[in-house]
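Heads up, the next two complexes both have chain A, just with different partners, chain B and then chain C.
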Partner chain A sequence: MAESMRTRALKVSFGKNEAVRGVDMDIEPRSVTAIIGPSGCGKTTFLRALNRMHDHTPAARVSGSVFLGEEDIYANGINPVELRTRVGMVFQRPNPFPTMSIRGNITFAPKRHGLARGRELDELVERVLRQAALWDEVKDRLDHSATSLSGGQQQRLCIARALAVRPGVLLMDEPASALDPTATQKIEELIYELKKEYTIVIVTHNMQQAARVSDYTAFFYIGDLVEFGETDAVFTNPREEQTEAYITGRFG
Partner chain B sequence: MTGATPEAARTTSRGSVGEPEVTSKVLSPGSPPSRRFDLARHLGERWFRYATGAMALIVVGLVLLVLQQLWVGSRLAWSEWGLSFITRTAWNPVTGEFGALPFIVGTLLTSMMALAIALPVSLGIAILLTEYAPRLLRDPLIFVVELLAAVPSVVYGLWGIFVLAPLMQQRLMPAIAATPLGRLPVFGEPGTGYTLFTASLILAIMIIPIIASLSREALISVPRDQKEAALALGATRWEATRFAVLASARAGIFSAAVLGLGRALGETMATTMTIGNRVNLTFDYFESGYSMTAIITNELREAASEIHIHSLVAIGLILFILSFVLNTIGRLILMRTRMRGA
Partner chain C sequence: MTGVGMPLRLRARLFRDAVLVALCVVALACAVVPLVWVLWDVVAVGVANLSLEFLTSLPAPPTIGGGGWANAIVGSVVVVGLAAAIGIPVGVGTGIYMSEYGANPLGRSARFLSEVMAGLPSIVAGVVAYGVIVVTMGQFSALSGGIALSLLFIPIVAITTQEALQMIPKDQREASFALGVSEAPTTLRVILPAAMGNVLTGVMIATARVVGETAPLLFTVFNSRYWMEGLDRPTATIPVNIYSYAISPFEHWHEQAWTGAFVLVTMVLTLNVAARTLWARRARFMAGR
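Here is the complex of A and B:
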């Protein structure tokens, strides 16, 4: 299930502003790749290029290529709707559908894609909620509104929802930045579990978080990929001066 | 930097958390600044509070005054027939027989049909404007829709008389009668062009701008991340719009529909000019009818007997209460959906 991704000369610009300036990066399957860097360095923009979310921003222009497995996702004939079932995304702020129940949030996408029906759906709901470590907290109130959950629970519901379409890659855009420390810890434990089955790319502002959860770390600065390598190496022995300055807190 | 707005927004929201100087400033000890009592400011504050309170009271007072005047002006009708005035179907100024039912039915039928026609059209416009139209198309479209609202209702009435009514008679009504819809009991044999249906259609055009622009506001106010959540799950654009955006905006769309209905209920000139002005208790949209607003406009000036005038004012009172009740129901449902959504 878990798939690898590669970007080659990936550029994203908004009008005259080039937010990502030619990035080559290889993302290993069944691992966590953290993307760090100061605000405005293009981390989120890069992440959103991996599932073609920029298609919905009229001003955005993407060039270069992004491979999912061996397939270029920006090639002609690739359906972005189908692509996004293979590359899931979790956003910075928990965004469950407020008008749907907990169950409804999860079954929304599988129903649209015809992945499961009837009893299968119930099994699917339980499976992904267990994967998201949320099952025990919500199993008795699956029909309650998703907004009845706490912020941390909502975010885990959003992760469960993303898993429900069986993606190979899960993109996370600062998934814990709107949460308190306890909820953050739960999300981090969850990421650690999920990487056994999924390829995870996480954008984070929190360097400790990157050090804790990730296997590989990419440091972005003003649209460039400055340094990319195993997390231990990047944090203990960075090759680039800018990386060292950033992780030691001298800027950013 | 325009494109990187999400990143920019994030930094500003985080800035206050990450900066230690901010907190140290707040906690720094020191004598509190001395404050001197400022009489002018104090009085100004008081005066302002009373003045705004008085303004609010004036509005409430006006509503009550209108209600009281309508009551006084219509009491003969109520003392003559009591509440059965509402259900009486006779309307004969010569014999002095009056009843409100044909007008109530005419008003309700035309308003509801107008809403039924206008709501899907308005929603379509609102969705097109918020989700699909490129900027180049969007701004002119908004302008045109808002232009519709600026057309005086008498002009709509004229257009109804010279264009729509003949068209209805010759083309539209026979066409509808020929479809399966024509078998519905609310569509009878087409005859004249001045019918409940003609009036409904004019009303529908008149309320499209308000429903479309309020629905558009409701759609815009749905957070972008709702739509992105659906898109990221592999929803198509239409699925994202329908399940994430429309579902979240339903309370706002409902209130848009209620306000549109309110406008249709009270619309006078265009209705009077196209509804046919025949006292006729009917549920057949292809017949001429009468509305509450039209009968008041047409007969109040020429009413000779006191009971006639009082009966017309009584219809005004019913219309007032009807709009009030409809708006209240609408707002209550709106409040309940809001609470469930929150």
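Here is the complex of A and C:
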């Protein structure tokens, strides 16, 4: 079930380097929020704070709060492992498990979480592969290695794999940056379909992509959230000069 | 450009290259010729006396002739099997700890200790097992031999496992964490399988190292002319047999020592080929072919 997210005074630092400097953002359910900004401005760092991936980076310090629905995910008693079944993530480079089959990649986590068994697993595999628009291409070779797929197919498999644990929110960090234009278009179409059921936050350095797929756009600059609003407004009528300079390509 | 200087310099350089290549070939020959020679001897002399009797019967007294090493073959398989049964779980476990949780003094000490132990002279492992187990039990035993060999087995597997796990890209761990899978199953189901090829290589190297060890076995399993009676009893093994047959005054036993060496080499080779064949299938799968 799609959930909303909110950040309040969210800061992330690596030692002395403050990569995210106090961000307040409201993320609407069943919508696509794009995060844009020049490289190194903290987009990835912000995204990884939303599912507590920084817990695995000893140097990272997170402060402020992040709400999933009404729950503060950094509060005591929240289990970050369980949290990630509700806030899924797709990475910049496709990272399927090479030792597992296409099916195995998808069923790995649901089996561990006890979400499905036996026939249910087959149904789950088909459902998420259809959602990821990959079913027709792989239905005859589900037992082949995930690495036998092309880069674009691997990324869609990673999306299917993330959907299989039924998250409410899906975080995507430049999911198409390693892909060719055709594969990129497929991913974009997919995002458009997925937002009917999921809350999606996507980092992209491609402005056209942000304009095409997102409902809301956040512009980051050196760790600050400079501008945030409906995508149309941000692109046609930015409030901040920095935003305008960036989207018109004067820097970045 | 003078037109004369360049070709001269060039010729000098080509000459230096040729000398280097020649030196490398000589070095290679120094390494390969004795190896081929030894293998040739082992095969030629060893095969000549290989018989069903050698593989299936007990030793005969030297005055009678004939007889076989069946008890020693079984003994070696059991003792090395024990070493592997102890060495694989302990070594892999230590390697996992060092790689995944080892960024602390305990992890660093474990690594240091593994490196020291990997260089441990095998006779020391024998003396340790003798002092700790043989003396306590009051007799030589297959078990103490297995433990002595495991002291040599563990550090090799631990170090190769740690290095194999560390070669797996971070994004594999993150992919698993992002699915809400916790650390232990991520390590065991995602990272370890991806590293299995190199872990297996470590196990093969360790097995090949211990299977021919003689010194530690002299102190621990000792020897026996009979079938193995139990893990707590002295037992015949191929390396110890080679040693005692080779220094005996009997020509017939010398020949059997060669045959034993041939059987030992064949066992290591077979194990290696079998493991590699099994692994090749898996590797092809992972490579998407």
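The rule is short, and it goes like this: the second predicted complex is superposed on the first by the 252 of 252 C-alpha atoms of A that agree within 3 Å, B and C clash if a C-alpha of one lies under 4 Å from a C-alpha of the other, contacts with A are read in each partner's own complex, and residues count from 1 in each chain.
In this text, a residue touches a chain if its C-beta (ideal position, glycine included) is under 8 Å from a C-beta of that chain, and two chains touch if they have at least 3 such contacts.
Given the structure is predicted, the values throughout are model-derived calculations rather than measurements.
**Q** In the superposition on chain A, see if there is space for chain B and chain C together, and answer fit or clash.
**A** Aligned on chain A, chain C clashes with chain B.
**Q** Contacts for A:148 in the overlay, against chain B (first) and chain C (second): which applies, first, second, both or neither?
**A** A:148 sits against chain C, while chain B stays out of touch.
**Q** Is A:99 touching anything from chain B or chain C once the two structures are fitted on A? First, second, both or neither.
**A** After superposing on A, A:99 lies in contact with both chain B and chain C.
**Q** What is the contact status of A:112 with respect to chain B (first) and chain C (second): first, second, both, or neither?
**A** Both partners, chain B and chain C.
**Q** Between chain B (first) and chain C (second), which, if any, makes contact with A:53: first, second, both or neither?
**A** A:53 contacts both chain B and chain C.
**Q** Classify the contacts of A:185 with the two partner chains as first (chain B alone), second (chain C alone), both, or neither.
**A** A:185 sits against neither chain B nor chain C.
**Q** Just to be sure I read the superposition right, which of the two partners does A:4 touch: chain B = first, chain C = second, or both, or neither?
**A** Touch partners of A:4: none, neither chain B nor chain C.
**Q** Comparing chain C with chain B, which touches more residues belonging to chain A?
**A** After superposing on chain A, more of chain A is contacted by B.
**Q** Between chain B and chain C, whom does A:15 touch in the aligned arrangement: first, second, both, or neither?
**A** first
**Q** One more residue to check, A:206. First (chain B), second (chain C), both or neither?
**A** neither
**Q** If I apply the document's touch criterion, which positions on chain A are contacted by chain B in one structure and by chain C in the other?
**A** After superposing on chain A, chain A residues 51, 53, 56, 58, 81-85, 88-89, 91, 93, 95-99, 108-109, 112-113, 145, 147, 158, 161-162, 165 contact both chain B and chain C.
**Q** Chain C touches which residues of chain A in the complex?
**A** Residues 51, 53, 56, 58, 81-85, 88-89, 91, 93, 95-99, 108-109, 112-113, 144-149, 158, 161-162, 165 of chain A touch chain C in their complex.
**Q** Touching residues of chain C toward chain A in the complex: what are they?
**A** Chain C reaches chain A through residues 103, 169, 171-182, 185, 189-190, 193-194, 196, 282, 285-289.
**Q** Of all residues in chain B, which touch chain A in the complex?
**A** Residue positions touching the partner: 1-4, 6-8, 10-11, 14, 134-135, 223, 225-226, 228-237, 239, 243-244, 247-248, 250, 340-342.
**Q** Looking at the complex, which residues from chain A come into contact with chain B?
**A** On the chain A side, the touching residues are 13-15, 17, 19, 39-40, 42-45, 51, 53, 56-60, 81-85, 88-89, 91-93, 95-100, 108-109, 112-113, 145, 147, 158, 161-162, 164-165, 174, 177, 205.
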